[in-house]
Amino acid sequence: MLENLLTHSAFEILTLSDRAAQALAENPWEAAGYTLLALGGTGAFLSLLGMALIYVERKVAAHFQCRLGPMRVGWHGMLQSIADALKLLQKEDIIPEKADKLLFFLAPVFSIIATVLALIIIPMSPSLQVVDLNIGVIFISAVGGFGVLGILLAGWSSNNKWSLLGAMRAGAQFISYEISVTLSLLVITLLAGSLQLSEIVQSQQDGWWIWRGHIVGVVAFFVFIISSTAELNRPPFDLPEAESELTGGFHTEYSGLRFSFFFLAEFINMFIASALGATLFFGGWMPFHIGGFETFNSIMDLIPPGLWFAGKTAFIVFLMMWVRWTFPRLRVDQLMRLEWKFLLPVGFINLFAAATIVLTKLYFFPGQ
Amino acid sequence: MTEKSPQDNKHPEKPAQQPSTPESSAPKPTPPPAPAKPEEQVEKPPQPPELTLKVCAAISECKPYSAASDCPTVEVIPENLVKVLTALRDNQDFAFSMLMDHTAVDRIEDGKFELVYRLYSLTTLSMLLVSTKIPRDKPIIPTVSHLWDIAEWQEREVYDLFGVLYDNHPDLRRVFLEDDWVGFPLRKDYKDDFMLTLDIDSLRE
Amino acid sequence: MGLITEKFPEHIEKMPGGSFMLTRMDQVMNLARSNSLWPLTFGTSCCAIEMMMATGASRHDIARFGAEVARPSPRQADLIIIAGTIVKRMAPRLRTLYEQMAEPRYVIATGACTISGGPFIYNSYTTIRGADEIIPVDVYVPGCPPRPEGLFYGLLTLQRMIKEGETVRKPGIRKKPVFSALPPDISMKEIEEQMKAVLEKDSEVDVEKTRKGLTWPTGI
Amino acid sequence: MAVKISTLEERISVPAEGDNPLNTQEYFINMGPQHPATHGVLRLMLKLDGETVREVIPVLGYIHRGIEKIGEHQTYRQFVHLTDRCDYLSAMMNNWAVSLMVEKAMQTQLNDRIEYIRTIMAELERIQSHMLWWGVLGMDLGAFTPFLYGFRDREMITDIFEETIGCRLTMNYIQPGGLMDDIHPNFVKRVKDVIAYAKPKIDEYEELLSGNVIIQERLRNVGTITAEQATSLGVTGPVLRASGVALDLRRVAPYGAYGQVDFEVAVGSVGDCWDRYWVRVEEIRQSFRIIEQLIDNIPAGKTMLSKPAKKIILPEGSHYAQLETARGILGIYAVSDGKSENPVRIHMRSPNYHNVWSVDAMTRNARIGDLVANISSLDIVVPDIDR
């Protein structure tokens, strides 16, 4: 089935690593150029996207709360994030005297590295992807686990009890909710029959998994969105940095540039989670297709895949912001209860249901 | 706000012109002299209020308060304090289940601290003031924190500001000031290099 | 005159054609700093409510000036708005908070109590008479408590001061005295005169014009 | 009799008890005085076992300004303006308490206009205080948006105050013998506008916060104190009423115009955070009801009984008056020597000082998140605790 899908594809996947590999035989300099483009592009994308998301978050929050938000720097405060970034670059860098200096230095670096590693395998459009691993879904799970290491190290090395409490909360929360995220990822892996992100996108050519997988897909999506919000430490699951409880949580002792790394990593992680959600459940860059309606599908193909991806991701990002500015925070034990007593059983049952669907081929729009 | 206002505005002008002599004491009663509230009337004659008499009849250690007070007040000696307060709390006729307030007054001219316990009853909705006097140079009094939980902290406040020592208090330490603060600021003879004093009376003249 | 001139004073002399580039860079930095003042969540008494009114309430919305990111940790804050009386017991804590803040750091003192001790000067055994006895204050906002608009005016004044590069403590200079970073051909006196001119220019208000627009309610 | 005086260091150096099967170690952690959840400068020493709070030790005095000492050197009229700065969210009720004490001691009868305006102002103040509390509760529990909504509506009431009094927070409006000034001509209309605007809003906000599952989870059965505990701890106001004791001085000992209006006292049953929440939201509604009954019938009359007299000398003896502020019973206790304008001793029975100690009883063996909910539901104002 999968081979069929791939041969019928109108979209040719060409990642930057593929291009570099192709060019290596003929012209090593071109390959090096592609590599540099990938590195520089990821770095630039990371910082620009982070700043844009911070600006958007502040504006969305402001409008939810009947106020204006940043207005002074640039048109409607567009350059506010740049001012913040410049200021944070210039801030004094304080390392507490009794902190574990090496780990204190490494923690934000770990955090940001994990983010970059996850960012490179997100397929943003057929030709805009750095590397397309055949174990993409597993890779994202693994790298995501790396990010919490940064938080744990930050809490431990700060030599501050509040930081340590925040870090321990983050650790417990991450380990718990990672299971649910993985379970919902597995559902899509089962339906699509592949771990490779580009193939998962291709498999949604006849319809996105959120309705091709009907109930199973919807349940998996909700489990995914709840538990990935928890993994991102965003409200209502922002216990590791709960402002009114732990002052700043794990980043209490961080200032200036190092703090901005955490800040940036948090927002990029939100983008990655949204992009992953869009890729798995809403077809990633795949336009809105309905199996069998070829005319309709070709009209939808007129919109470039990059826009589809951006739109879907923006929708999920907005959803997360909406939740953040509406809901209060859960308590620690309630957080654990939600995961172990509700989301985990639901995830397992859903996985079994998905297996049944795959075996009996009960999809909507089964395609060829 | 409608018809009454013109005549009502004219009427009280008369008394308004009278005061401003130093003897006249502030707000004058309204022109139509309404009778004073009944509970205020009782304190004028020397006869103490009804509740005071009732308490004194029930508990032999109490006696009516000697000085003026606007609330039923009994006086006890420090040795009987815990006994009296226990009786007042547990006696079903009174049932003073709340210790509303506890504070001290520095009677420096008598060389004494007056400790005041304000009890409130949720069943009869009445209030009783229990007063006891301890010498300034040996300010020790048994604690009542086992009777009411809040007494623990009220007593800490009094210790902090007046230096009254409570015997058997579970955790007697300063509450507002640092532990190494010297002196007890609400005592009348408290002196401090930091404190600026301003004699308002001299400024007024 | 900020971090760059302080850390690399020799660069100014060596640059051919004057210190143009470095000065520009510094101005950009000051612009960025002035527009991103993250306050510390710190308030002791009544002024804190009006401060919350300014920072929180939708009508006033301090976010317009990019200053709504209230940080609970002093490490990440740039600005400390002292809102309320400071007493003896709080004073060392306030000093600690100030010292925990990372370097370009600014202080606004709001309200009578913070400026002078307010109504608690006389006969009080704990009230500190002015927060500037403890930490250097950049801007004073009088009032009891000041209106949110007053706080905004204070914030805008602070922003202007940062843009001019002149706060009570010059930003970025922690170990050296202030004028060691000055270029050789400028004296402190000239800067003072220039600042005076700027301040005088800004304080010019056309009184007649202002009065015309003002209509006083007659009903009172 | 040997009295032992301890210090904070001794208090927090208690060795951990090792009877825990998991062999965990308890530790002390310092919360405040600068902490977002402690509403100002309250400092709490927490004895924690992991996330579980074993003991809460409030450490006060970070805003202790010695108001009682200052009061001994001031006249009663001057003392009124210091009470504004204690519980600044019920500023006018604090002023009223001093005025009530002076008027009771002088046996002054006030006219109805003064009583009506005082009552309306006090109820407006109560509404704005509860609105602010409502928003801050949301913020403490992690929802920032209710905070701004609460502030937005509070602003309308502040505008009314500003129009009449000229001040937004520290009013000094109610004075011994009357009021500072008459109400503004727009006052009645503006109050009616606010009622028309805010009453539906209360329902709307209840939908946002009260109907929320997470809020219910966070507040229900958290920080329960029984009626006996509450009485013994001396808590008053909504905290006591949430525990099921219907002690509201507006009802049991009416002052002002409360004797002439019809309203209900909201009483909880369990005594948990949810009851305290519910009692306060209900009190906002009841306050609107009281204002609605009074606002149309403000009688004519003077707003100050006589010209401000130069001297107020209370008769010799002790004087006490108490009333119900937004947070509980505020009592003013003054001892006069009958000769001087200044009191020999003036003491405030502060509702917050009595309420704050119940946080330990509420939070034993709960989580840190519960502690934040408990502090928030107590609605403490720290300058009133410390005075």
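Note that the chains are named A, B, C and D in the order they appear, and that numbering of residues resets to 1 at the start of each chain.
Note that contacts are C-beta pairs under 8 Å (C-beta built on N, C-alpha and C of every residue); 3 or more make two chains touch, one makes a residue touch a chain.
Treat the numbers as computed from the prediction; the structure is a model and nothing was measured.
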- Task: Would you mind checking which chain's C-alpha centre is most distant from the centre of subunit C?
- Result: B
- Counting contact pairs per chain pair, which pair wins? B-D
- Interchain centroid distance [CA atoms averaged], subunit B/subunit D, Å: 21
- Task: Quick one: report the Å distance separating subunit A from subunit D, using the average Cα coordinate of each chain.
- Result: 46
- Note on the structure: Taking each chain's centre as the mean of its CA atoms, subunit A sits from subunit B at a distance in Å of 65
- Note on the structure: Cα centre of subunit B to Cα centre of subunit C, whole Å, reads 46
- Multi-chain contacts in subunit C: which residues touch at least two other chains? 58, 72, 89, 122-126
- Check each residue of subunit B and list the ones that touch at least two other chains. 176-178, 185, 197-198
- Of all residues in subunit A, which are in touch with two or more distinct other chains? 65-67, 243, 247
- Query: Touch graph across the chains, line, ring, star, complete or other?
  - Reply: other
- Between which chains is there touch? A-C, A-D, B-C, B-D, C-D
- Interfacial residue positions of subunit A with respect to subunit D in the complex: 61, 64-67, 161-162, 165, 169, 235-236, 238-239, 242-247, 325-334
- Task: Could you please specify the touching residues of subunit D with respect to subunit C in the complex?
- Result: 33-36, 40-41, 61-67, 69-70, 72-73, 81-82, 84-85, 88-89, 132, 135, 147-148, 151-152, 154-155, 168-170, 184-186, 382-383
- For subunit C, which residues count as touching subunit D in their complex? 40-46, 48-50, 52-53, 56-59, 72, 74, 84-85, 87, 89-90, 93, 97, 119-120, 122-127, 144-145, 147, 219-220
- Given the complex, residues on subunit A that touch subunit C span 58, 62, 65-73, 77, 80, 82-84, 86-87, 90-94, 243, 247-248, 251-256, 259
- Which subunit D residues qualify as touching subunit A in the complex? 27, 29, 35-37, 51, 138-145, 148-149, 152, 208-209, 212, 214-215, 217-218, 367-372
